[in-house]
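Note that chain A is present in both complexes that follow, paired respectively with chain B and with chain C.
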Partner chain A sequence: MRPLTEDETKTVFEKLANYIGRNITHLINRPDDPHCFRLQKDRVYYVRESVMRFATSVGRLELMSLGICLGKFTKTGKFRLHITSLEFLAQYARYKIWIKPNGEMSYLYGNNVLKAHVGKMSDDIPEHSGVIVFAMNDIPMGFGVTAKSTADARRLDPTGIVAFRQSDIGEYLREEDTLFT
Partner chain B sequence: MVRTKPKVGRKARMKQGPVPSLDEFYQGILDPRKKAQQKNKESESRKRKREDRGASVKSKKEKAVFEKAKSDLFDEEEKVEEDKNVATGQDDFYVFGNEEEQFDIDEEELEDDNEMESDEVYDSEDENERGAMFSDDEGDEDLLEAANQQGLANVFKGDSEEEDEAKAEAEGEEDEFVNSDDDFEQGEEEDVEINVDSRVTNVLPSGQEVEAPSNLPPDIHISRTRIQEILNVLDDFNKYGEAGRSRSDYVAQLIADIANYYGYTELLAGKLFELFSPREAIEFFEANEVPRPITIRTNTLKTRRRNLAQALVNRGVNLKPIGNWTKVGLQIFDSQVPIGATPEYLAGHYIIQAASSFLPVIALAPQENERVLDMAAAPGGKTTYISALMKNTGCVFANDANKARTKSLIANIHRLGCTNTVVCNYDAKQFPHVIGGFDRVLLDAPCSGTGVIAKDPSVKTSRNEKDFIDLPFLQKQLLLAAIDSVDANSKSGGYIVYSTCSVTVDENEAVVDYALRKRSDVKLVETGLGFGVPGFTSFRGKEFNQKLSLTRRYYPHTYNVDGFFVAKFKKMKAVEQKPNGASKT
Partner chain C sequence: MAPRKHKKPTRPHPRGQKPMVKAGPASDQTAANALSSHVRPRPTSGKSDGLTRKGRKSHIKTHGPLGNVRVDKRAQAHKKATSTKKEAAKTTKAKVEELRLNTAMKPAGIVHRRGKKGKVFADDKDTLTKVLSVVTARMDEIHATKIERAQQLEAIRDAKRKEIEKREQQKVDRLELKKKEIKHLKRKRQNDAGTKTGKGEAAAQDDDDGSEVARKSGKKRKVRFSV
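Right, the complex of A and B next:
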């Protein structure tokens, strides 16, 4: 376990900024409850500092997880967000799409968000920007990138793709073997 | 065959109605189609028997021992008016029926059967008895129906032509030992006594009989019959015991029959049998054949139970709160959707968790801002519950020795949004060397799983003598490690909870007693659980610390939860432990 290097921090923050924009400061500056980012075996964890201090007692080989895993660095040095980061992304989300109950299961099985399934969406989403997908009752279901801006999406036919899925909570079942170490 | 006919015949006849029906009832559960076939077969054989009736003895000789023996009775008792049969049967039915919850079902069943065959009188009795035996599966109408049919079928097989007088006796008697109520008229009760006496005379097989069938597959019908008979004898040994036979002969035979009938190794059957009175032991073994209800725990970090229940009801799930001892548990009766794959599940609003595994966490009662260790955490049901109770404050160390199992642990922790956890993969014995000074430690120790046989029947045969030596040894080491990991000076805590999903004394009381002897700075305290059986303070000549009555045991047949054991320790402050501080390492 170690803090992120400057490059790593930059990569991670750039990625996060896609989804939560300037709200990223809310993750970093929490004077009442300081949190930090830690790297352990390619994975980046977001964890309360007090918890992190206790975790320093645990050996590198034996430490399996601490706090919440945000994602992992690929071998090529890119950073991929995991579904486990959804809680924080949803909390500070900049752009949101809500999908209707009849589209929930389709999305949870790993499909893209179709126009027919969109219940509502934020007004000013540009094309190709990170977006968080919610169910109509505000349960976060995953995240992705928009295929069209909000304005263009309005003119789309019902089967057209509004957003490409990147991750969804169905992965807790589908990817259980690979997602967590 | 050697026995004199009238005696055995009488006995066998009495017992036969209820007895084979039970295991056929299980067969029925296993394979409904088989059940149907069997039923047909049964009715055929019944017809056949009718035809043969005149020459009855011959054909019946081919049957099993007790059936055979009964044959001579048929000759006397053959002429029966069937209407009369029915009438008596129903009368009796009403007498006992109102004690049963399944009353309506019984009645329906009865009517159905009427069309087919008027002999169903037996049937209603059979089930009356059965209903009482499975005290815990009140809702299982399907089972009951299966049981009905099986019972019916059986009766046909055996003694379709019996007279109602004889039946009345049998009924009277059977209901007698099951209900042990005094609804009976005096005369009947006397009958009963006589019957029991005559039946009891040679319950145990003779020496020859014991050895003879070794090359044949064991007959579970006989085992089942004998289990019941021996139970009756053991109820009042002085009265019914055969002269020259000791109680232990009966018990040994009973254990052998239990092992045979329920499919346990004799070692395990014996170990479990020791824990209860004979009748309760049978209840326990029966309860192990019935699955426990599916329960879920609301994740209070993300939702509330009422909202969750509403959301699930909208998805077509039939549920209700578990009981008033938990505010977060829901029991699932049936569901139109897979309960482990709803959007709510994936969003971490609940976790599928056995009701029994709430208990150690409730006993642990973690407080906010504490540091808690869960020594054997996977798959994370208890860890996430601890985290939820602490509202994600403080810190929870979740350890598991098995690296593969930490995967599910991590998955659950993330899904349920527990941000205050550290997951590590140590052999738990290495605590407190890794990190100590915890406010509370939960040790849900690895165990033989004798409390969860309903969930994992392989336990019945997979445990050997060595397991019951090695596991307690490991548990003792772990419990000492747990005690040593706790900070006695903790302001709010200093508690250790030890739990297992096993019911044997070796793995529970003996381990706790060992810890109390080895670590003089801990004492047992109330678990804070509202229900449960107190732990043993002495067992089979072993005397344990008297405080062991503060521990709690849970059995499948009493609370319809998995078999479980919970003990809660408090580690006392350093000042108090000074006098005998030598034991503190």
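Right, the complex of A and C next:
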């Protein structure tokens, strides 16, 4: 376990900024409950500082996980967000899409968001920007990337793709074996 | 008294060394003279060739009853001192040249990194906020360009749509105008014909039906059905 280097921090923040923009400051500045970013093996964790200090007594090989896993670095140096980071993404989301009950199961099985399933969406979403997908009762279900801007999505036919799925809470079951190891 | 015969070496030394001549008794003058030019080995016990390591290195006292070379100690010391000085001078010269050679050329492609070695961690808030400001500035720029591009595209689409609508409207207007023109022409013709035959009004009423020609000719239409 070690802190992130400047380059690693930059990569992580760039990815997070797609979804929560400037709200990353809320993750950094938490005077009541200070948190920090830590790298263990190839995964990045967002940890309470007190927990991080406890974790220093555990060996690098023995330490499985700590805090909340935000994502992992790929072998090529890119950063990939995990579904476990949804808690923070949903809290500080910049753009949102709500899907109707008839599209929930389809989305949770790993499909993209179709126009027919969109209940409502934020205004002025540019294309290829990160969005958080909610159910109509404001339960976060995952996140993705918009295929079309809001204006273009209005003109889309019902079978057209509005957002490409990146991650959904169905992964807790589908990726059970690899998600926490 | 006849001189004692020396034993000849029966076979060459296995290591290829020259066979050494053994020293004879000290009383024999000729033998002593013959030996004076050779190096006299020290008497050893148990060695086949009678030589030790020390003996091979010629650390043998030359002064004595047999030795005829007198060594001047002073001269030797002087020689030693001068030789060491020369050697030292040579080595320092060589070293300096070597140093020059090693430091003079720097390969063009290799750039030595200065400063702290290893990873630079971003652990404290200041560095994190610094990195964040850089990232957000970049992302805002990208976002702004995206929005700008979207707006531009939207404007272009609007302009195109308006142009198409305008063109369609023009088409419809032209068609309407043509229709009116045709109607007007027909009426004119009918009026002209009515004034000639005296049936101007009646003919004008049936203008639209297209039965004007039939009435003019006065023939009734007949329809036949095949059985």
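Note that the second predicted complex is superposed on the first by the 181 of 181 C-alpha atoms of A that agree within 3 Å, B and C clash if a C-alpha of one lies under 4 Å from a C-alpha of the other, contacts with A are read in each partner's own complex, and residues count from 1 in each chain.
Everything below uses one rule, namely that contacts are C-beta pairs under 8 Å (C-beta built on N, C-alpha and C of every residue); 3 or more make two chains touch, one makes a residue touch a chain.
Note that the coordinates shown come from a computational prediction; the quantities given were computed from them, not determined experimentally.
Student: Chain B versus chain C on the shared chain A, clash or fit?
Tutor: fit
Student: Let me test your reading of the model: by the given contact rule, A:Met141 touches which partner, first (chain B), second (chain C), both or neither?
Tutor: First partner only, chain B.
Student: Of chain B and chain C, which one touches more residues of chain A?
Tutor: Counted on chain A, the partner with more touching residues turns out to be B.
Student: Looking at A:Phe54, would you say it contacts chain B, chain C, both, or neither? Reply first, second, both or neither.
Tutor: In the superposition, A:Phe54 contacts chain B only.
Student: Return first, second, both or neither, reflecting whether A:Ala151 touches chain B, chain C, both chains, or no partner chain.
Tutor: second
Student: In the overlay, answer first, second, both or neither for which of chain B and chain C A:Glu176 touches.
Tutor: After superposition on chain A, A:Glu176 lies in contact with chain B alone.
Student: For the superposed model, what is the least distance in angstrom between any CA atom of chain B and any CA atom of chain C?
Tutor: Shortest inter-chain C-alpha distance (chain B to chain C): 20 Å.
Student: Residues on chain A in contact with chain B in one complex and with chain C in the other?
Tutor: The overlap between the chain B and chain C interfaces on chain A is empty, containing no residue.
Student: Please output the residues of chain C touching chain A within their complex, sorted ascending.
Tutor: Interface residues on chain C, with respect to chain A: 119-123, 125, 127-129, 131-132, 134-136, 138-139, 143, 146-147, 150, 154.
Student: Within their complex, state which residues of chain A touch chain C.
Tutor: 2-6, 8-10, 13-14, 17-18, 21-22, 24-25, 28-29, 36-37, 124, 126-129, 149, 151
Student: Could you list, by residue number, the parts of chain B that touch chain A in their complex?
Tutor: 311, 340-341, 343-344, 346-347, 349, 371, 395, 397, 403, 406-411, 413-415, 417, 419-426, 434-435
Student: Across the complex, what residues on chain A touch chain B?
Tutor: Where chain A meets chain B, its residues are 47-48, 50-51, 54-55, 57-59, 61-69, 84, 87, 104-105, 108, 135, 137, 139-141, 169-170, 172-173, 176-177, 179-181.
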